[in-house]
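Common to both upcoming complexes is chain A, partnered first by chain B, then by chain C.
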Partner chain A sequence: MSGPTGLVVEGLRKGFGGRTVVDGVSFTLPPGGSLGIVGESGCGKTTTARMLVGLERADGGTVHLDGVDRSMRPRGRAGRLERARGIQLVFQDPYVSLDPRIPVGACIEEVRRLHFPLDRADRRHRVAELLDQVGLGEREAAELPRRLSGGQRQRVAIARALAAEPKVLILDEAVAALDVSIQAQILDLLAGIRRASGVAFLFVSHDLAVVRHLTEEVAVLRGGRVVETGPTVRVLTEPQHPYTRLLLDSVPRRGWDPGRIAAGRRAPA
Partner chain B sequence: MTPALLEIDGLSVRLPAARAARPILDGVSLSVAAGETVGLVGESGSGKSVACRSVLGLLPQGAGAEGQVRVGGRDVLTLDRTALRELRSRKVAMVFQDPRAAVDPLHRIGDFLTEGLRAAGVPADRATARAAELLDAVGIEDPRAAMRRRPHEFSGGMLQRVVIAAALAGEPDLLIADEPTTALDVTTQAEVIAVLTRLQAERGTGLLFVTHDLELAAAVCDRIHVMYAGRIVETRATDELFARPRHPYTAGLLACTPRIDPGAPPPRPVPGRPLSLAEAPAGCAFAARCAFAEPRCSAETPALRPHGDGLAACLRADEGILA
Partner chain C sequence: MSAVLTPAVRRPLLRRLRPLGNGPLFTVAVLVLGVLVLVAALAPLIAPYDPEALDLRSSLVGSSADHLLGTDQSGRDVLSRLLYGARTGLLGPLLVVGLSTAGGLLLGTVAGWRGGWADAVLSRLMDLVFSVPGLLVAIMFVAVAGPGLTAPVIAMAVAYTPYVGRLVHGLARQEKARPYLESYRVQGWSGWTICVRHLLPNIAPTVLAQSAINFGYALMDLAALSFLGFGVQPPAADWGAMINDGESALQQGATMPALAPSVCIVLAVVAFGIVGEGIADRLARRER
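Up next, the complex of A and B:
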């Protein structure tokens, strides 16, 4: 294999109780790239993300990260840890994804201890560096998650994910629950992190405007299938699929006419 | 000008000093006329939900209020229980963010819709016919069958339509919508907004539309009030607000909202975070986050004063700092 090939997903499938939720999803995320997966609730975007990190087992299809097959279950502790280091996930609600009883600095340190047990000497130093990278200081590091604001907690979740030094960071609606002024701060932070560290982003979102500003490529999901894929700018300016067009027309803006969209949707496709 | 349906006049809402350092609402005034859509926009903790709930006489537990909330000329805050019931069933209706929290999961949709009508003395068959009519108006197919179903059989978007139908059942003069589409997908949001604005226009209902989404407010509202830390910081006709905001917070909100239009600049963050109830800085509440703040901004609280065709609460609003 010549050089890293990034994340290559082919024909991913998953059903729950006879209902197919993800139906042959394929995409490629180059090293250091940024891919958006957009769609509405029930389109399979979160299930796809969960399969990539191993929280769900795929019924079919393959996932390769830099040529290494991730479809098989890893063997042993070392195998599991190595698998986890490849792809990390940031959830929508940091309040639920952080342990309420552990100060956030210790929570990041735990990830370092787990993945890089030999660097004890500079562990503290790396934790401070990671916190600094997301704009948090010593004072926040000593706090429990509930003492932090939503934006600060999401910064912690990002730092914790980065602590494993992943090749791919999956952000599943990671800014959806934040106030808009805070959301812009986190988007800015994420763009900076990608420039500085070269980690690739898989940005799972329902928000086309956010995806437009943070990704280079986009895949539009509907009913578990990719209906359109391409460079983000192209897809958002010249959508080819009627569903992508509907999604775009539905984004509120000045002079927007929701009545026309609703009428268009009811008309036979 | 038509007389206002709703006039909120100098409304301040305070929790006991032990629970909050600053008032939840501080001198909020706004009005909604028949057929008018007025937006109330702000981030979490800005007080927008507390302000809109006060119209139904709902205040946070243990809170004290000053000022007046007049609906049809009568102050809601002084009404007794009977009069409040009358107000809530006939004059003002409210649509909340989460439709599942607004309906009883055990009751059929038909019962939910006819309950208010029956309580108001409408005979059963008339109430049923009226409920079916309303469901049809909000775009639910086969209303009679829908009325026999229970909430869990509806999607979020469909259930929010049912809630809107129920809100309109009492033919209210005024509709309060608190983030009515925040929990919905974009395509569903478009449909629900279409239903809401069409019915509102047909019936001449006044609409107070509360949202954190400035772009959505722009698409729906005639006039927008921007709230920050319990105060209205800017009031302006929608187009004017977007074209020439006078308050730095409004400008900051506009700049940090990611926009989808081709060529739109990347969202520009506003530093810092919104004030919590535990913080009560002197002077302008936004000063700590404001790029244009001067020393006097942290000393003197700016009053909401006419600037251009609207109002702004900024000491420097006249200096053309945002031009």
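Up next, the complex of A and C:
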């Protein structure tokens, strides 16, 4: 073996009640790299992300992180923690992903206590640092989630995910539930975190513009299959697959023609 | 995208219960229960007579300044027996509700959280217990272990467990799928820790509402068992046993020895029902 190999996903499959939702998805995310997964709503993005963090059991395929197989459910505390430090997830909707009973600073501290029980002395300091990294201060730390805005909550969720110091951070539509103006702030924040921390990003979105901001590589998902992968810039400027072209055309901009898109959408079934 | 509020709202319990005081019926019910608890606690201080002291010369005396509610056939002061009766009247259901809530929380959480075969086995088990009439089980227990408080309490606790278990099962399944709990799993917490530290506090108010309702039913069932002679035995002061005792007094035209404990049972059962339903209503309204 020559150094860490990153996240390697091969032939991942999942069905619900006989309907295949993720159908042989493969991709690679190098250490510290960034990969976007784009596709229309319902194409299996969230299901894929959930399988990667172990919230959903895959029907088939393998997931390796730096050569370690993640397909099996971990046994025991050490395995569980190790696995958690591999991949963390930021959920789509920050209005339901934070425990309403727990002040947000404490919820980040909990993660530190779980994963780094030994550095008791500077735990508070690390928590403050994590919050600072997402632009939150002591005042916000003492609040319950319901006292914070959607953008602030998502910042907390990002800090909470980073608290475990994961190798890979999955962001599942992490800005979709937020106002457009707030979206830009969070995307800037994420770009900064990526530069500063070296954590690999798996950025899941139905929005190509969002992916363009943040990822070097992109995989286009359609009906549970990857139809195109490549450097984000190339895929977005010279799409090879008709479906990618369609997705690109669906982004409103100058010369945008909804009629042509609708017609195109009907054509390549 | 709406700001979805998760159903199980998490505020300190007392603050959560305070707005319930809006309905006058609820307030009255809470007062009734408060008085009941006070009476049970203070019975030895406020009871004018020894509840078990026989005085055959003053058998079935009507209500008077000496005996506010008169005496029973054996000349025991009905009021004193009533006040002392609040003790077993509350202790029995308290044990039943405590045990069945603990059992139901355990079975329901394991079934709902684990799913799979654990769910299948535990759910069938609860269905089975559910389908057997609790009073019948209690009578069987008494046949083996003898009458008293213990056997009926254990039997009723077993019988009530599926009621709590089914409720908890549904709640656990529902909460487990919420992102805030899923995020604990992603963080690497054990299922046990998540359930105890985060799931239980979030479903506790709903379970509490059910337990309050069960309390009333348990009180009624235990009273029925005493009435039938399977529960607390005379001369100990117990409402169910008092009604049984009072039957012969009824034939002699004295209504109070049977009527007074009956009224107490009805009051307590109704009050627990109102309080439980009140809490449940409030939670349901908040969920919308």
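Operating definition for what follows: the second predicted complex is superposed on the first by the 266 of 269 C-alpha atoms of A that agree within 3 Å, B and C clash if a C-alpha of one lies under 4 Å from a C-alpha of the other, contacts with A are read in each partner's own complex, and residues count from 1 in each chain.
The criterion applied here is as follows: a contact is a pair of C-beta atoms (placed from the backbone, for glycine too) under 8 Å apart; a residue touches a chain by one contact, two chains touch by 3 or more.
Predicted model only: the values in this text are computed from it and were never measured.
S.K.: Have a look at chain B and chain C on chain A after the superposition and call it: clash or fit.
M.R.: fit
S.K.: In the overlay, answer first, second, both or neither for which of chain B and chain C A:L89 touches.
M.R.: Only chain C; A:L89 stays clear of chain B.
S.K.: After superposition on the shared chain, which partner residues are touched by A:F116: those of chain B (first), chain C (second), both, or neither?
M.R.: neither
S.K.: Thinking of the overlay built on chain A, is A:R80 touched by chain B (first), by chain C (second), by both, or by neither?
M.R.: second
S.K.: Counting only touches as set out at the top, which of chain B and chain C does A:A209 meet: first, second, both, neither?
M.R.: The first partner, chain B, only.
S.K.: Contact-wise, after the overlay, does A:S181 reach chain B, chain C, both or neither (first, second, both, neither)?
M.R.: After superposition on chain A, A:S181 lies in contact with chain B alone.
S.K.: Would you mind checking which one, chain B or chain C, touches more residues on chain A?
M.R.: Of chain B and chain C, the partner in contact with more residues of chain A is B.
S.K.: By how many Å are the closest C-alpha atoms of chain B and chain C apart after the superposition?
M.R.: Least C-alpha distance after superposition: 8 Å.
S.K.: Of the residues on chain A, which ones does chain B touch that chain C also touches?
M.R.: none
S.K.: For the complex, give me every residue of chain C touching chain A.
M.R.: 1, 3-6, 9-10, 178-190, 198, 201-202
S.K.: Under the definition above, what is the set of chain B residues touching chain A in their complex?
M.R.: For chain B paired with chain A, touching residues are 43-44, 139, 185-191, 193-195, 197-198, 212-216, 218-220, 238-239, 242, 252-253, 256-262, 264, 266-271, 273-274, 276.
S.K.: Tell me, which parts of chain A touch chain C in their complex?
M.R.: Those residues of chain A that touch chain C are 53-55, 77, 80-81, 83-85, 88-89, 91, 93, 95-101, 110-111, 114-115, 146, 150, 157, 160, 164, 176-177.
S.K.: Note which residues of chain A are touching chain B in the complex, please.
M.R.: Touch residues, chain A against chain B: 40-41, 149, 151, 179-185, 187-188, 191, 206-210, 212-213, 233, 236-237, 246-256, 258-259, 261-262, 265.
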